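Next, two complexes with chain A in common: one pairs it with chain B, the other with chain C.
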Partner chain A sequence: MLQEESDLSLIIAQIVQKLKGSNLYAQLERQAWASLQRPEIKLESLKEDIKEFFKITGWEKKLQNAVYSELSVFPLPSHPAAPPEHLKEPFLYMRKALGSWEKRILKSLNSMCTELSIPLARKRPVAEQKELLNKWNEMGTDEPDLSLFRPVYAPKDFLEVLINLRNPNYENGDPLSFRTHLGLIQVPLKVKDIPELKEYFVELGLNTGQLGIDDSTQVPPELFENEHVRIGQKVLAEQDSAAAQQYIRQGSPTALRAELWALILNISGQPEDILYYEQLKTNVIQYDLLVDRLTYKDVKLTASNDDYYFVFEDYLYQVLLCFSRDTSVLGHFAYNCASPPKSYIRGKIGLEEYAVFYPPNGVIPFHGFSMYVAPLCFLYHEPYKLYQIFREMYVRFFFRLHSISSHPSGIVSLCLLFESLLQTYLPQLFYHLREIGAQPLRISFKWMARAFSGYLATDQLLLLWDRILGYNSLEILAVLAAAVFAFRAVNLMEVTSLAAAEAVLADISTLKVMPLLQIFLFATVT
Partner chain B sequence: MSRVLVPCHVKGTVALQVGDVRTSQGRPGVLVIDVTFPSVAPFQLQEITFKNYYTAFLTIRVRQQTAPHTPARWVTCLRDYCLMPDPHSEEGAQEYVSLFHHQMLCDMARVVELRLILRQPSPLWLSFTVEELKIYQLGPKSPSVVFPKWLSHPVPCEQPAPLLEGFPDPSRVSSKVQQMWALTEMIRANHTSTRIGRFDVDGCYDLNLLSYT
Partner chain C sequence: MCVDVQAPNAGVRPRLRQGEDQRRESGRPRRTWLSLWLHGSLWRMAGRVKWVTDIEKSVLINNFEKRGWVQVSENEDWNFYWMSVQTIRNVFSVETGYRLADDQIVNHFPNHYELTRKDLMVKNIKRYRKELEKEGSPLAEKDDNGKYLYLDFVPVTYMLPADYSLFVEEFRKSPSSTWIMKPCGKAQGRGIFLINKLSQIKKWSRDSKTSSFVSQSTKEAYVISLYINNPLLIGGRKFDLRLYVLVSTYRPLRCYMYKLGFCRFCTVRYTPSTSELDNMFVHLTNVAIQKHGEDYNHIHGGKWTVSNLRLYLESTRGREVTSKLFDEIHWIIVQSLKAVAPVMNNDKHCFECYGYDIIIDDKLKPWLIEVNASPSLTSSTANDRILKYNLINDTLNIAVPNGEVPDCKWNKSPPREVLGNYEILLESPPRRSVRSCGFLTQESVQ
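== the complex of A and B ==
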């Protein structure tokens, strides 16, 4: 079909343009030039000979991994007449809601700035720079006075915005019709139902071995675990991202997890990456940003109070402060409908040459943001590696959890998926909770917004995040939330208030993730 | 294949409904849009582009001039084309769509008038239509260029003088040099869109407040 061919060539052209600026391109070029010395490369068949050379030496595999990694975030090809904002988010009412939410955040940050008389950014004096450099590895010992700072917003504020999201062309009137949304989300996005989810998550089925279930102490390791580890080592030896992504759907052995995640996210430890991280560190030392205070406050309030993560406090500062200054994160706004906040150099308002983004990465941290980084500290111990993995996870997945969009992995779709799963498969529970004023989404939203970080035990959380990487989608968060409600359904049927319902679900750290998911998807009688 | 926009006049939508439009309770599920081409002769239709707004199914009828003095006939050229896979949910509801002549059921020659019949069976949507409707006809073929005779029929070149011993064949050398030149040209034409990584302007990052625009 003509249309598909032209779409394909457009995608190829765009990926080539994107990869041209990358490290891999420079390396491939160097390798190609060096290969000219080799006897088997002839000038008449230069192109074919070099292609053969790349295949033999494993460079083709690296290029394949890079293309695969670009494709996972690439928006689907679309109509030539569609404007760029339509590609990122086709629905006008969502773009408008996102615009007004962003304005609210900017106003809040500006008012904090003027009330506390602290500049958005300032250059540190030399003495302060030296002090910070000395204290770099123990920034957690600092106890600055942050009592006047408040987080810009918390997940529950964001939930209120989502609840008020309305499609102006949708029948939202009073008479209950067959499609009235009984939950909190009132937009009619397309979400999967259980038969579609069973097909989508087929590798989680009852007949397939899973880490998280089939590696428990009662099951002899010869049945599944040993073979799975062996396959994992083979996948790592081949260095193939696509194969790793398929493999990790059944879970990752603990010893191989760090390398597997790095392979899937296409992160290799190059000297240039260490240099880049050092450059970001220099930026942190030179400039002091207002958002740094917000980061400090967030870490002190959340990760430092967590039994599992308080030991990593220093790492969190080292990652998050650098993250705020990383302009390469701005690249994700090509497929994220949100816009980075803009500002002008003092005295040059309105002049485009003096327009800058603030913070430099365009992301304003909110309450709980540091919990996206905390679980990764168990896997990676060098700060630059930890930083890279976190950055890649953020621009692929986590940004969708705090941005309004109609994407199937966006938080709006996840909320709707959770509510429709609960309503369809546990109607009595849903009705009961609604009657007592305890809408289920009010309890589960915080789990999904943080990707369950800080709510599950760490080993279970990492098994869950394995599947997020394996399926390149966040829908499993909504399925797990519904599965947790299904598990505690008997207790929930007896509560009579929102507070009591929250108490039943307050502690989910003892839950095992994979059995819950398997039972909910494949073993529940519907 | 080139295409040329055809100026058209899109008449207002007409709702098809049983009973009186003003007094009945439900919303119409069928709308008809007529498109006329007042100042254009019957043309070959190449492409139709529009932006959907909550229409689920589209049928297109075209009035064609078959022979010079017979009246033009109405023919259905597209039947129940699905724009929204699930009419109750938002998927496909605001997408840009292109329809080409090879997707139509009949030959799209000598088009005089178009009629779009929009259907939205779901009662959940308050209104539905198609927007930004554009009709394209086949563009003129690029004019054939006449080459001068010496370019299109080159004189066969004379046999070059026999080479001295030890020198490489000139045609092979010239092809190698050409390939090297092509490589250098490609490298020079490379440009990248990566950022450099500086977020300040000339070493200064002293900012005003965040701007709202």
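== the complex of A and C ==
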């Protein structure tokens, strides 16, 4: 009991410390000072009166939302004597693997840089700056020669690294038994099985109304949809993050989604945010980074060719180029065990005083990175808002999809969850695919690595991302991947090669996400 | 292949019962198995629809073949002719025309140009509005500025050279406006240009000053409309909507709208700047034009589905205004059809599938730009091909019931199950059962 209390006070202290440096703190202070003018604030009961004032004026809610936001990425409780790296990632072998992967990427980036003799960063000449400023809204029409640039890595390269992860303390010499894991991922992490998932995702159950199922045209809206919309409007009026997060587990009405996501991610349109975005924009205009070319290439290869997202090409540049320069993103390395790549000022290699993070935000874009932003363009059409939402989504969720860790929402756990669901509940299919050399993970990895963006129809994708926000977890990606395999199981049982299996699963844009999830979790005999 | 067979027992399929002695009582030997088979299959083909087309497009031909219809030439006894607009002119012309039999159906109305020619469409709509105004109908209500509240869906338009002086008067009222010149009889964006100075259309003024006995050749006739220079932009680009509408009869009016329309985007970012008035890649959304642009992409073809548009608008603007927009679009289509219904030759052998072009401005008001009698059946992308194939499929299901030899006297009331991706816009008189499109209750009680 005592231990819990001291844990709690430690957490509280840490959060208070974090929030003290934020804008919200300054605003609260200002509000408190201003409130002293008000007649209802009396000196004898100063503390209670100010608290009451905050409650009435909605500032308490804002504080609650901020605390809730911090808690969502707070590391799990741990031993007080654990060093900081352990808090981020307890397993040594994972940290080691991550370190060598990062070295590899940086080496690849540096060699591209030397081959093409392009500096990692340079200041633009004034004429170029002017030109870029004029073309800011239509950077898509720029056709720089990108043929010599290759993406630093693609999801399948990353998959190879994950496949080779081994825990040296785990002796896997046991003879093959029904407990042996037959998939590609061979690390012993704890993942949920269907009974645990049913409990975890209880709001997706058959008896609970869902958007994505109970709002289809055959169902009269009075049964569920109207009431759900009404509740959504109420949640927005209350401006309560936690309530919104609970609400969105049943899906968000299209018209309310943009605001609900902003509320859950605790993003409000402050003038400081607009200013910050403008500063980033200036940074883009003044300095040219090598990673910009990678961003361009990625957008041209992926989003520009996509049926849904090609319209928003220009927005993607406006967001991603600024993102590369945003040093506030470095903050997420406090709970991400990856480390930002470092580079040195020319001629001063090895001297720590001349080390800088490169790119400034510590994230090297890879093939398909722009697809994280593209679906958001359907919701937000002001660049600064779009930018903030994307940044928050990245530092809360998307970074876990390309970093090696044992976190339950990390990509390693997702892969393992997917494989164990398939092996346990669809053993015939799993075994068949394995036999023909079509390990299921090889097909589903790209879906999960992109959070299904570009594979599902946009309205279905947004319903899926609603649930990611609602449960503050990416596990639903693995469950959906397994559900898709279950759905196409009959066809998959008939294929005889990896290529044929890929063909069966090549087009999932017609699938409806929520019925698939519901059937897989709640209506399949286990 | 020409089939000319007299069925021995019309309506009765010849059948051989198992083990039955085929020897006739008269003792004549029974026919050989081969001749019976041939006879039977020839008879069966006589019951199949015979089709002709002068538009060689796979989306059409595949649909005919999948129904087991038989291709014939136009000189033979055909049941179904999918014809181009030139051919329909010949069929119904005074000199070269001929009467259609009861089992013959064509895909155009004789005088479809009342709706599909830009000048006649505007003329008919103007006439329709005036008629409603005269009878004091609430539909023709105007606001304080004299603009129709419910029937203002066509941009201000004049015929040139006939209305030249009227146009000049209007132009001078707002001299900084842009106008768009379109030839009446052309399609695919050909011959269209934008003007913002009277001097750019001097040519048409000279003609109007000449003697009124000079007959204007229809080739030179143009319409000039106020250019919508504030179109709704998505991703900074202009787009328009292409919607397909099937009309099975005009009196009573029965029309159906295809749910899977699409948006056509320009490849170049929109700018109202006068320096770019000549840049057709900025202003004209026709695929025939855009596909020659540098940035044209063959994978998506610059097209979005209408459901994408709906999702985007609902997410960024809210549900009410989006529903209102789509309701208004349905309204426009129905009103335009009602406007031409009185002058249309409601030939019972005809049905027609129109391509409606609609532009949405930044106040979310839809404008009817034009109606196409022969919407393009060329596919620019894979998705396009699937869409057009399904469009023809659903159209044929409605126009030729059960895929059997048609009888033009049928009641043109398709059962709900065959509608496919079409939804009912208007079906007068109303069905007895609940209708899917309930907002037009005014019309349904006529």
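Following the convention adopted for this analysis, the second predicted complex is superposed on the first by the 512 of 526 C-alpha atoms of A that agree within 3 Å, B and C clash if a C-alpha of one lies under 4 Å from a C-alpha of the other, contacts with A are read in each partner's own complex, and residues count from 1 in each chain.
Here is the rule we go by: contacts are C-beta pairs under 8 Å (C-beta built on N, C-alpha and C of every residue); 3 or more make two chains touch, one makes a residue touch a chain.
Remember, predicted model here, so these are calculated numbers, not experimental data.
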item: Touch count on chain A, higher of chain B and chain C; value: B
item: First (chain B), second (chain C), both or neither touched by A:315; value: second
item: First (chain B), second (chain C), both or neither touched by A:138; value: second
item: Touching partner for A:307 - first (chain B), second (chain C), both, neither; value: second
item: Partner chain(s) touched by A:459 [first = chain B, second = chain C, both, neither]; value: second
item: Partner chain in contact with A:255 - chain B first, chain C second, else both or neither; value: second
item: Contacts of A:381 with chain B and chain C, given as first, second, both or neither; value: second
item: For the chain A and chain B complex, residues of the former touching the latter; value: 2-3, 17-18, 20-22, 43-44, 46, 78-79, 81-82, 86, 90-92, 103, 106-107, 109-110, 113-114, 119-123, 167-171, 177, 179, 187-190, 276, 279, 283, 287, 325, 327-328, 330-331, 341-347, 349, 353-354, 356-358, 360, 406
item: Complex interface listing, chain B residues touching chain A; value: 49, 51, 53-54, 86, 88-91, 93-98, 100, 123-128, 132, 175-176, 179-180, 190-195, 197-201, 204-213
item: Chain A - residues contacting chain C, complex; value: 137-138, 140-141, 253-255, 257-258, 304-308, 310-315, 377-381, 458-459, 462
item: Parts of chain C lying in touch with chain A, wherever the complex brings them together; value: 234-237, 265, 268-269, 295, 297, 299-300, 302-304, 307-308, 311-312, 314-316, 318-319, 322, 383
